[in-house]
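Sharing a structure, written as structure tokens. Questions coming.
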């Protein structure tokens, strides 16, 4: 584990950079200040990047648009890999027909639709259509009535023996400098415990997320795991998952892991990043802001 | 483990009977048919009874009234021991002043109020009064907005290092012949997992529930554990808790544990009742209805 | 939570003191230096004490003798309450006949023997006597071959649906200034997970331990929970258990919880002692050594 | 989910078959009777196969030799993918130098050795070399003294913040018709719980095992997930893992999952195979033995 002063020297050592989104490129208020420098430098050096994010609330196109609105126009949809995309792949491969019931916003459900599959919010499931429900998906913590629809979800799953997919493994996420929100991964864990089944989880630290991105790259070029570095702010997802997949890893201290806690947390969890860096912002010397 | 035909022979062997409520004395539709016989026989034989229930939604007085309305007028409030009463004892002993924030209905909060303590729903906690919050209690799954107030609960607990009490350990409860509802114990487990703390739980199978009842009896008479039998429909709460406290136990098959599953569940869990009986209903022979 | 300079002022406020043993009265090397002062002061002030310990490896008589050998001759067996004593009470009440198989030393098994019950080490269970095994007990991490006897335990429990008692809930215990040993509670949790059953656990933080001691006192005097304080070095056992039972609690920093970590651990766990004190040693002023 | 009479019709639908080893191809006594038919038919039809096994106790070469000795000479080492191979890949990518401490037999450690890395049994770690230990691996339940070396492992991990790899996730494995043995995955879970860290686990149901095999195939041919079927006897590993990776799955009833329990277990776990089949043995009609 090495302490790195300037993120630039990390970019210099690898060909492809995987970035976590929240706490690395953006904050609850917008872009991470100075992150434009990093993408300028990547472009200048001809390095590739992917944003690997536990976010199933929107499609890659919508996620890219949100970066554009914030001023980071360089990010294209094909550079974004989300846990929602793995959910879509799962449905394509494993669920042939019928209804996919979901908890989330209508937007979160659109991009997982496939030919032959019909998505319906849990609130629209009833005695007439429950027998056609062939999968149930936890997509987002918004877009439904928690009390009504979580109780309904428990009872749908008691009646139907179907795959249940958790499209975002996070338990909570920051909503302001002081507060967090309960994420759909935390809600899903409650339902899992109540009905005593094991759901299918996509998202870091699970390897399938990294493999999906690795496969995307191999469609157009050859690459080895040694050429890639994973950059994230959370030991239990970004660093654990990156390490397990065989990548070098960088823990940045601009998000979940505070500078004062980093060493204690590494010792307590036994999850050791290859490098530690204050942030993923490239310091351009005199031009810094 | 003995299979018993008629619950009467169990009453004959013990001096005091502890009954679970749901699935034993009542169902989601009202009284267990024929249970009046049991209480008539108890009275006739001069046997004592207690209803030992994981229910913090109402006071013993309110619980007794609900039996009276259903036609079982013999049950008096002092015969009911609820996990809510342990919560009240905890607050009396351990929280001297300030605000006790709660999730539940206003009715569920009234009977836990003590001199010096002020109960407030989580929805009424704000920047002005949060510093006075000295305990937080999960009382009931009704009476609050799940989305707003559960998110608020997480953030209150991130700011205040205070005891958190879960007044009902059940994860789910039956609401109709086919459906269950998520209980406050299941919701509390989700919050506990999200914030990474260990809450204080009252309710079966925890021994403190049995000890509280045992102490109530010892206030007016001498008694040994051998004189008491615990009757319940759930292995993991009634039978495990009763066994651990040192009581003989009866599993009745009129609720959570179906006749066809009883032996498999006993083998799978390793929780062995002293007796198995179809129900807690005393069969009065020719008089049966 | 108050920071207390001298443990003497705590003794002055209560009538009965419950002490944890390890990290409070003794260390892995012998007596806690200066602890004799505390017992002298207790005696002088006419205060009572109990040692409430998660230790099932020896009888109270043997435990008292070990204090005597170390020079603390004031401690009598009837002042020691161990999780082994709860195990013995359980067997007396709940297991009528047959064999009680155990993991531990022969010494640890002697004092749990009752009339009618025969204890045998797991290593002595075979095809001829397995059908008479009516309970299995985890007593101590010593006295058996881990590989042979743990594999045998798993297979005994697959064949016999019997109560399993874990007489010590600790997962590890200190054996030197740098090293810990795996305790029988950690081993039992592994077996529990492998066979998928729920064992019966005695020992702090479980309330039954405190209730047992409370009942011992009530046999000869009246007492309320407000007259008692629990003193321990471990938040998750001594303080959590004492709090839940309704006692005031003192966290001492002479054992498991280091002075530099105390506040962080309290915040992280949400387990708040009534007081914090450097140690349970009474400072006699000019006489200090 | 379809019930299939003859495994032959499954082979006919796919190009590549992934087999679990234990309970599918072999039993605790040797080869699954009749399994030679299956491999003859695969060869005749020009279908490919891989054995995907949670076994880190031996190298693929040694595993192939054990099939040869049992009479199944067709199985070549390059057709065997074990969780031990993922462990070796991890060490190659992530641990540059120093000592890799292990629990297991010397044979299990040989094939994970890489240039620059030195493997040493936990029993050989001491004050002189502990600072060079850069990883610790749980390989096999044999080859070490459980009491001495598990205690030592706990203390090594308290002193060294290093990656810990569990090369076999199984908790238990069958050793005879009636008995099971504790597997290294169960032992590792105990150590993980005692020291409070999260280890890296390789082996089904983890996706990395399936991805590794999928990548092996793609080195010499193109393939889609739809061309592959995973055959196994265990819902929680083979079927859950295969489903999650996007493969069709076959539950065979010749091992862990008994014919009488299959439907109940599927309903209870929510893990649904594409097909159920009595065994992976191809029935050659009149030629059956």
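Chains here go by letter, A, B, C and D, matching the order in which they are written, and residues are numbered from 1 within each.
Here is the rule we go by: a contact is a pair of C-beta atoms (placed from the backbone, for glycine too) under 8 Å apart; a residue touches a chain by one contact, two chains touch by 3 or more.
Just so it is clear, the structure is predicted and the values come from calculations on it, not from any experiment.
Copies chain A and chain B of the same chain sequence form an interface built mainly from equivalent positions, shared numbers / all numbers used being over half.
A separation of 41 Å divides the Cα centre of chain A from that of chain B.
Computed from the mean C-alpha positions, the centre of chain B lies at a distance of 45 Å from the centre of chain D. Mean C-alpha position of chain B lies 29 Å from that of chain C. Touching of two or more other chains is recorded for no residue of chain A.
Looking at which chains touch one another, you get A-B, A-D, B-C, C-D. By the touch criterion stated above, chain B contacts chain C in their complex at residues 89-90, 93-94, 157, 161-164, 195-200, 206-208, 211, 225-226, 236, 240, 243-247, 266-272. Every residue of chain A that touches chain B in the complex is listed here, in rising order: 145-147, 150-151, 154-155, 158-159, 171-172, 178-182, 186-187, 189-190, 193-194.
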